[in-house]
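Labels A, B, C and D are assigned to the chains in the order they are written; within every chain, residues are numbered from 1.
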Amino acid sequence: MPYPIIPGHVNVGEVEKINGNVPDINGNTIRSGDIVTFLDVNETCNNCWYCLVAKASTRCPHRKVYGITYSSKDPPHLLGGWAEKIYLKPNVKVLKIPKDLKPLSFMAGGCALPTAIHAIDRADINFCDTVAIQGCGPVGLWISILAKLCGALKTVVLGSPSLRLKKAKQLGADITIDIDQFNSEERVGEVKAFTEGRGADVTIEATGSPDSLPEGLEMTRDVGKYIIVGQYTDAGNVGINPHRHINRKHLEIRGVWGSDFSHLYRAVKFLSFFQKRYSLKEFITKIRNLDEAQKALEDVEKLRTVKTIITP
Amino acid sequence: MPYPIIPGHVNVGEVEKINGNVPDINGNTIRSGDIVTFLDVNETCNNCWYCLVAKASTRCPHRKVYGITYSSKDPPHLLGGWAEKIYLKPNVKVLKIPKDLKPLSFMAGGCALPTAIHAIDRADINFCDTVAIQGCGPVGLWISILAKLCGALKTVVLGSPSLRLKKAKQLGADITIDIDQFNSEERVGEVKAFTEGRGADVTIEATGSPDSLPEGLEMTRDVGKYIIVGQYTDAGNVGINPHRHINRKHLEIRGVWGSDFSHLYRAVKFLSFFQKRYSLKEFITKIRNLDEAQKALEDVEKLRTVKTIITP
Amino acid sequence: MPYPIIPGHVNVGEVEKINGNVPDINGNTIRSGDIVTFLDVNETCNNCWYCLVAKASTRCPHRKVYGITYSSKDPPHLLGGWAEKIYLKPNVKVLKIPKDLKPLSFMAGGCALPTAIHAIDRADINFCDTVAIQGCGPVGLWISILAKLCGALKTVVLGSPSLRLKKAKQLGADITIDIDQFNSEERVGEVKAFTEGRGADVTIEATGSPDSLPEGLEMTRDVGKYIIVGQYTDAGNVGINPHRHINRKHLEIRGVWGSDFSHLYRAVKFLSFFQKRYSLKEFITKIRNLDEAQKALEDVEKLRTVKTIITP
Amino acid sequence: MPYPIIPGHVNVGEVEKINGNVPDINGNTIRSGDIVTFLDVNETCNNCWYCLVAKASTRCPHRKVYGITYSSKDPPHLLGGWAEKIYLKPNVKVLKIPKDLKPLSFMAGGCALPTAIHAIDRADINFCDTVAIQGCGPVGLWISILAKLCGALKTVVLGSPSLRLKKAKQLGADITIDIDQFNSEERVGEVKAFTEGRGADVTIEATGSPDSLPEGLEMTRDVGKYIIVGQYTDAGNVGINPHRHINRKHLEIRGVWGSDFSHLYRAVKFLSFFQKRYSLKEFITKIRNLDEAQKALEDVEKLRTVKTIITP
């Protein structure tokens, strides 16, 4: 990361001023006063081999991310969300927040929801599958909700602390497994017991810990799928058994990197539609002012919250 | 394995005697005198969750394999191919060898070709892909041929010894990399140099060595595919990096277990059609009598041959 | 159909007598007194090109269907469900009805639910899609429910009469379009208006009328999918425009024929799980005795019911 | 079409003058003197629902096509290929022709090859499939070549006149069927006879005639695929039978519209690699000067050539 940065990559706010005619995806003009969000990823080139031949825009080498890979050293400086104002460069993909969706409700999705949508796309759940989710941070929780809307009959959420597992249960998980209470072998045993001895049809990793891999592979049934979406930073190597975990299992493993406009777009569409069904406020444990940002980060580090919102 | 066994799971021979009316897949009756092969896998139940719900017959827990998991202790004893006669149980799936395909030419495919066909099915090569193949035993060599018939523009074969790499070149590989001459980092570098710095679009592992995994993952491009077909026995664990090898790469990894009738059927169809183009004899380094079987196994262990045929 | 037949292909009942040890899919023995259903399709050969190579068992030429293609002329005669007893041939795939699922609740699914599950499998809905369903008979209604459990954000149901459309609304359809009130052009216009002018992402035909095709193709968006599951009998030809309906639209059209054990298995699993959420009784308009079967058929012909159950 | 236009949408030429730094897909600068081609489709917006959410750029409503939908009335006028010079607007996707690929060899691919590549992508041929191709114009001929490089074991080409069918045979088709010699029923019979009575695994339409549809559907096997790539202009409706052609067959039909940069890119890559194997000149029946363009069009109309090249 090109420090100093202004953190905050998923944001919502009011358009103060706009240069020229900027259309949204449906061809409507964005106007000042509109409440909008935008795709944090910018400068995807649509001109390189990854963009045009592999059609894998999340691996475009030119992409930059607001609040992460834009430095606040470079003019116009205001390139992150933990701020009172933010400057949107030309070609940033802007999306109007529908009138009936409160900005705070949108933030209940935050960056976790587009990531979860991408993971669900990759998971390709069959109707009546049982899905195991490793991790109960915001990404894991959203995946547990989406899995049931995308074909899963049953879900198992593994994680800690109990605050978050309770939330998972409220959001519809059939069983939760507290990783502070059960060791790895017991956890695999629980998932197998829940699936007539076979293991989950699809397991989705959303933990960030390399140790989740061998455990996740063990708890997935033969000819199942294992989706890896939580390994966003390099936390080192882990040992797996190629014969037992992959080849003999005839398993499919899919990594999930980044998200693109289609994920953000559907996050907004989904939140707008489903806010009547789910109380989106429940995702947000705390709202903090900008000058409490440090405390907010400490809360996250100590897993004291599900999600904290920073507001200027 | 339930020793003692009679080894030899892929076989071809003449029908000596047949009980009742046994139709082949096209409804034609098998008769004595016919030259036939059969699916080594038997007793796939078509009645369990794996067969009927997951449609993953290669993971049916009831399956038995001629020459591997049938013991010669059990009557009628003759359940493996290194023998003068073999007894085919009821429901064994029998396949006629077309008149124009010599039995020895069929054996050039042996068990390697159906396995390679299964791997190629899973690889789902896009037209103009570059495919890297780790391993140049019979499975790797067949994959290198099939890859070019299934969309690959270029292939790289990595392995040893040079005898087999030379064969790979003759069979159409664009470049070969001798693993005795280059270390892992150099090999990855070679593959990247051959692919404009990106890595192979698809890499297929056919080595049996767990160490192939991290190397194969490194040499595959972002958003590529890695197919694991060589890890048929448990040779231990290996360390991989979940962030760098899978998640950030947005990679897809697919295990390939066993083969079913569709693979054997196509192996015969393909050999019959392509024997004019490829000299199938080239796959067979040596033909040995049954009483030289021990020597044949030693040749394999020391990689002195591409393929040896046992004939009674 | 080989008349005379005993109609009734999807059935539930108590096992009176059983010959030998018959295991269900999980290896548990079926016993007399068990409440069971069974796959109406029998004699799928698992030995022909369609079964073994194409892996398309619903097109096996050897398959027979209880209550449809088994004649009651042939012993043991009792090969249809509108009867007090039914004879299950060897190899019929039997499935236990879980204790908590009432036989009548299972019949709420009937033959429509496995068919709907097959259609949903083929539809491959993306998360947040809008799905249009042509037809509001039992298959259409089940599809409208399943679509929302398999990724659809919104559904449109087109059909008549209003009794069934009301049911569709109760079951979660966002809008319904009465085909008796609007002509074809208006119906297409309504679907487009509901989808920002583009048309449905996925349209599923469940009507049986060839005229549905051009209309369904018109109401589907470019690069969308059109699933055809309702054309079970030959009701003649229909004109379509290859350029406008398929080629320029870059459309995908998928036929759906029959169902197999995996669909029946999931129907039971799903009903057992979801009966708390949906009142399954609502699917059943009437229960009639066997001697009222003629009246039941008249009700169906005149669309006076959603579903009628025949009970001995 | 916005007449007057300068026809000619696929072109190759020398860069005379270039404004600023224009990188190709690999980041290399395009320089004057380079021999280049370019994607005829321009102004795909990468900002609308079709581009960003459906990821279906060939249906972007903003796209324009050189030589087809750009009028020569509008400055800078030179927006088609049948001319001595052509003006490439900013953002046109330019592709260098490799040194070893002669411009004329590139034109052997022309617009037909990218279209054929797109069709082959959609066809998703399984290894050992038999592929039937309706049509033996340049698109059909290229498809017949590509099919065999992408998994097909056998190909059948249907069309006329005999000049083109002979070419198809030379290029590797196993059998050809002259539509001037056999009626529709006979043609279907021939394809079935060639495929053990089942029909082609995949049929690809490349004719432009709506009548091809019912015939193509008849000659495709149950659970097969039918790809429609030839219906580029509206030539009216055609009658099909939804029950027999789609539903009962459990068929999959896929339209193919336009092509994008990935298809052009692979066309160049493929031609460069395969020009040793195929004599690309054979595709070109005649080279004509610009002032003979009218004659060239007459040749095409009367099917007197496989392909004619216009050269300034």
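To be clear about the criterion, a residue touches a chain if its C-beta (ideal position, glycine included) is under 8 Å from a C-beta of that chain, and two chains touch if they have at least 3 such contacts.
Computed from a prediction, not measured in an experiment: that's the story for all the values here.
By the document's definition of touch, common neighbours of subunit B and subunit D comprise A, C.
Rotation angle, subunit C onto subunit D, C-alpha superposition: 180 degrees, expressed as a multiple of 5.
In this assembly, the C-alpha centroid of subunit A lies 40 Å from the C-alpha centroid of subunit D. Distance from the subunit A centre to the subunit C centre is 36 Å, each centre being the mean of its Cα atoms. Shown for subunit D are the residues that touch two or more other chains, namely 26, 49, 196, 266. By the touch criterion stated above, subunit C contacts subunit B in their complex at residues 23, 25-27, 46-49, 52-53, 55, 93, 260-262, 265-266. Every residue of subunit C that touches subunit D in the complex is listed here, in rising order: 49-50, 54, 56, 58-59, 196, 198, 210, 213, 221-223, 228-244, 246-258.
On the subunit D side of its complex with subunit B, the touching residues are 26, 117, 120-121, 126-128, 146, 148-151, 153-154, 196, 266, 269-270, 273.
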